[in-house]
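Next come two complexes built around subunit A: one with subunit B, the other with subunit C.
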Partner chain A sequence: MRIKRASAFALACSVVFFAPLCSALADTGGLKTFVAVDLVGEAFVRSKVVSPREVEVRGVEVFFLAPVDPLFDAAVGIAAHPENGVSLFELHEATLSSSKLIPHTQLRMGKGFLYIGKLNRIHQHDWPFIDSPEVQRSFFDDEGVNDLLLEVTVNTPTSMPFEATAGVAKGWVYGHAHNEGKRPQVPTHYSRVQTFFDLPLGGALQVAGNYLGRTASDSVQTQLFGVDLTAKWREGRRVPLLLQGEVWLRRVKAPQVDREDALGMYLFPQMNLLDSLDFGIRFDQFSVLTTEDALGESIDISSYRIVPTLTYKPSEFSTFRIAYAWDLKRRGDATPNVTNSSLLAQMTYVIGAHPSHEF
Partner chain B sequence: MKFQSRALGVMFAAIVISASGCSKKDSDAATCSGGYQLESLCFKGQTNANLVFSSGSLSGTGSAVAVEPLSEKTAGGRNIAISFSIQDGGSFELRTFARNDLSGGIDIKFSRSSGKLNMSFKQGETASSAKELEGIDASAEVKLYIDVHNDESPAHVIVWNGAGSFNKEQSLHNSEDSGAIQPAAQGLDKYWGVALNRATLSKVAVGEPKDED
Partner chain C sequence: MVHLLAVAVALLSSFKSFSVNAQIAAKKPLVITTTTDLAWAAREILGDAVEVRSLLNGREDPHFVDVRPDYVAQVAQADVVCAVGLDLEVGWLPKVISKAARREIQPGGRGYCDFGSRIQALDKPLQQVDRSQGDVHPQGNPHYWLSPSVLAQASREVIDATERVRPELKGKFEARYSEFKRMMLGLEARLKARLVSANITGEQARFAEYHREFSYFARSFELTSHDTLEEKPGLSPSAGRLGKVATGLRRDKITIVLAARTAPTRVIQKFEEISGLKVGVVSVSVSQAPGSDVETYPQLIEKIIDTLIAVSEKNAAKLR
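Up next is the complex of A and B:
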């Protein structure tokens, strides 16, 4: 994972080059630009992994947002992530969107992250914790599923707000790949329906149901069913309590192979300790519900991860985190065993005009 | 502070509820009666296998499936640390992410030609060309670390020399950078095993992938 000198130099040049460009362009003619840098480090305290992960620049994102004309807005984002020790920029987002063509309706087309779930819709440097829950890694490729897409979101103008999204993506690849993939039998298609509820003590809850399906070129059918929720209690700019979680069920059916069901979830409650200091604990679970051994005997293997996280966020533009992670594995009814434990650290900063976050 | 106390209570309750989890009962850990116990792993010989188990090593000609799946899920990744030896003209195959009859998976084949060790991939009727693994003496016992990432399409396979100190950046073969010498697709299931042709399997262990990229 170590970034080679050449790529580190390229990254530094990119940031140095883009920073003055950003400040020059920011808010000029409606154009908003920002560069977000995400550095993470992990030191294994107890591990079966031979090569411990070192400090790395996990991501550098350069983003441009602007209205194209009175009808359309555009977003272009390029991001560098380490791959085999080298960081190279790749296109993350190139979308055109409009909320003015049809009343209460937002259209989005181009390349981008699919508008499903919670983490899949947020850039990794904006997540409230450092690492990716296993359910996200297994079902959505670490940061999220990114593809060429056509997406429609409708907001109902009712007293109880509903937002319904439906989209279709090219689907030649799904998740991590190093090639263009193959034409799927059924392209990636997805939907999301979300609503809001008021909670006691001034809180609000956003809850959504999600679906994703595709059939790959080799006839492997994948279906994902999920619920994501975000609850926030606000006092001015402070968020005394945040509760974020997702639960996903994945069904995979390959020819001549029994259907494989896997269930994954994470839950992250976080409370504000002081003005800029938050403390949260993430609990992850991942279970394959239909695993059998080679002789057809049912086996049950579940993995867990517990990650207490301390966050210092002096402003919207810089964040420092430290966390400790315990990985546990349970086989059958046995008590879970700790398989790994590690210390994690993160520093993120944003140069330029970062757009406001959704709820 | 009152709100913080309530928040802490809610947080604790959420963790307790989460920790209760959901799972289903399973059978006891599989025993290895009638099979071959190599270190902590149990292998069952397949039909027509002519294998001999002696002193903790499996020798001969034939295939055997590991009872425990390679990964809990088909779209997973694993590292296999393996030690084997091959008679001249023989071969050793590692079959990964296959069905429980060892079909439909990613077959990694090692064949010996005097002191040289060649490697190739096979999936069904599709076979890649072979590549010599440089610096490996095939006339002696071969120790390899093999990463198979079946969550990529096609599956991504990296092979390292298991003798000496491990260096992640110095692989013997990385299918991502080797043109045609790579798997044709992903494996269809999560089972695995070995196929010996005048070869001996002496050590094998399964762990987390050594390369997480």
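Up next is the complex of A and C:
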């Protein structure tokens, strides 16, 4: 809570009182700042289990980035998210990084999002769709796993691009929490190995394998195995075709309890209709693979979500989206049933110097 | 015994460092440029002593490029990294260089080379810049490579950067650079004479462009930019804007309209429909990609001049 208050104070000071100081620093220290605002709304058209929601500011992120000295760069980010009707600022990122200490090696330490998967590495306002796929919500706690970390990324200077990341995080908590958690038996550790291929017609594909593991204080062992991919065809400002997806398998083992395996994925193809207008459809799937019925027989219970999304992006700094989502459930071999459907809308904008995105 | 060991270690280490140094000296330095035009200039100036590669292939719009991992891998191998500069590559190159993670090629490092730092930038905004004005380059117009004389001036930077990383090559490129400058000035003079003989001078030398990227080209060839189809740089013009520009061009009898091949085709076609004028769509970068007809820089500039003359004649007949 102290951090939240301090963060809010820092934000207020920087925005209101110390703006001249910030701009002076920007001249002399290379300080870059940006603020990203993400508003979303969801109206349930057909709902069995959830009540309608209203429009809310899902997130306001305030970032400060600058070189610290000739060797290190720093990033500090605070973000406000609504919780129980109140937006609270909390520390999202406070990292020191260097790409100058060891050749071909990037080091990152401090508090930040783990460099793993696809969505976990991108701020939510930069996602190509509005809501979080169930696999992301279930395995990475909606926005992503954020922790105190020490991370090393190595890029090989070879004709075949290859990037490997290994990191260890404190792991007292996993995902979003408002307590300090408990010392884990094995802290969160993770790795990501990525490569890249050219595709026909000027396209390119980035594909990565990921692993994350942790054993909590109560001996519950969690392992995640995943693949993320991004394929893109670009023509100037337009991206005529984008394909983004992730597949994750989670294996949870607790003492004296059967192992639980869950599989989740999403796939999002998007095509450009006009200069600033894109249309995509996201397909989500989530299954607990080890569910058994009353007789102890294995049974497949899967949930699906189909989300056609229309995006209007007049510039890289503002985005407007509208989407319709169908939630479906399937039990055994039965035909999937629509359980919910809802209309979603989003508006995001960025002011200040937003750094460039990864591929 | 201790002395003997020390001598042996010293000998071994000096042999090792000698062999490493010999390997470095034997290997040609690798110069990576962002665009094909800089790569062409670097090859002309540095010759066979250096290997030169370009990240882009000449078909892309260098304003909008992704941080591709293959760029990171290429830059990670480079001894020298050259950028057009003036913030042209600001959306992607800093990230590529940072991910390549080598101190020598990062800005301020001895292998970093910014061609744009050598020139006097045009179209530098006089007032404070913000995003309501579109994609304005606060340091000035970065499209200087379309002027042969300005590209020659900017290219000096690659010699200095190469000599910084390989001091043993110092002074070896001066003769080639002098020859390069002579060739570029000769190209400019020859094509300027072609424009004069095609009667594109004075009032006839006014032109409109899709994006303000022919400013340096215009200055070299004594042309005058009359208007841009874009109302704000980097933003697609509305139909109303296209109509307004079309009316102005017809009223003022402007016969030359130029656009880069990366300009949105749909907008160019719409403008041609509205105005009844032919737009000269040209490559603005050298490309060795299959099907390219501008594999060298002189071919590129000649092709722009050819298109400009052809479009001028066609549109003059329409406006008569």
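To be clear about the criterion, the second predicted complex is superposed on the first by the 326 of 359 C-alpha atoms of A that agree within 3 Å, B and C clash if a C-alpha of one lies under 4 Å from a C-alpha of the other, contacts with A are read in each partner's own complex, and residues count from 1 in each chain.
Here is the rule we use: a residue touches a chain if its C-beta (ideal position, glycine included) is under 8 Å from a C-beta of that chain, and two chains touch if they have at least 3 such contacts.
The structure displayed is predicted, hence computed values, not measured ones.
*Asks:* Superposed on subunit A, are subunit B and subunit C clashing or fitting side by side?
*Replies:* Subunit B and subunit C fit side by side in the superposed model.
*Asks:* Touch test for A:Leu295: subunit B only (first), subunit C only (second), both, or neither?
*Replies:* Touch partner of A:Leu295: subunit B, not subunit C.
*Asks:* Looking at the overlay, what does A:Lys232 touch: subunit B (first), subunit C (second), both, or neither?
*Replies:* A:Lys232: touches subunit C, not subunit B.
*Asks:* Where does A:Leu343 make contact in the superposed view: on subunit B (first), on subunit C (second), on both, or on neither?
*Replies:* neither
*Asks:* Once the shared chain is lined up, is A:Ala204 touching subunit B (first), subunit C (second), both, or neither of them?
*Replies:* A:Ala204: touches subunit C, not subunit B.
*Asks:* Looking only at subunit A, is it subunit B or subunit C that touches more of its residues?
*Replies:* Per-residue touch count on subunit A favours B.
*Asks:* Considering only touches as defined above, state whether A:Ser315 meets subunit B (first), subunit C (second), both or neither.
*Replies:* Touch status of A:Ser315: second partner only.
*Asks:* From the CA centre of subunit A, what is the angle out to the CA centres of subunit B and subunit C, nearest 10°?
*Replies:* Apex at subunit A; the opening toward subunit B and subunit C is 170 degrees.
*Asks:* Touch check for A:Ala254: first (subunit B), second (subunit C), both, or neither?
*Replies:* The answer is first: A:Ala254 touches subunit B but not subunit C.
*Asks:* Look at A:Phe196 in the shared chain and tell me whether it touches subunit B only, subunit C only, both, or neither; answer first, second, both or neither.
*Replies:* second
*Asks:* Just checking: does A:Leu150 make contact with subunit B only, subunit C only, both, or neither of them? Give me first, second, both or neither.
*Replies:* neither
*Asks:* Superposed on chain A, how close does subunit B come to subunit C by Cα atoms? Whole Å, please.
*Replies:* In this superposition, no C-alpha atom of subunit B lies closer than 10 Å to one of subunit C.
*Asks:* Touching subunit B and also subunit C: which subunit A residues?
*Replies:* 235.
*Asks:* Would you pull the subunit A residues touching subunit C in the complex into a rising list?
*Replies:* 70, 99-100, 102-106, 155-163, 194-196, 198, 202, 204, 206, 232, 234-238, 274-276, 314-315, 317, 355-359
*Asks:* Could you list, by residue number, the parts of subunit A that touch subunit B in their complex?
*Replies:* Checking each residue of subunit A against subunit B gives 1, 48-51, 53, 82-85, 138, 141, 173-179, 181, 201, 216, 218, 220, 233, 235, 240-241, 243, 252, 254-257, 260, 262-263, 265, 267, 269-273, 280-281, 283, 285, 287-289, 291-304, 330-333.
*Asks:* For a test of understanding, state which residues of subunit B touch subunit A in their complex under the given definition.
*Replies:* These residues of subunit B touch subunit A: 3-4, 6-8, 10-11, 14-15, 18-19, 21-30, 44, 65-69, 72-76, 99-100, 104, 151-154, 156, 166, 168-169, 174, 176, 185-186, 188-191, 193, 207-208, 210-213.
*Asks:* Would you tell me which residues of subunit C are touching subunit A in their complex?
*Replies:* Within the complex, subunit C touches subunit A at residues 59-61, 63-70, 72-73, 76-77, 90-92, 94-95, 98-103, 106, 108, 131, 234-236, 262, 264, 266-267.
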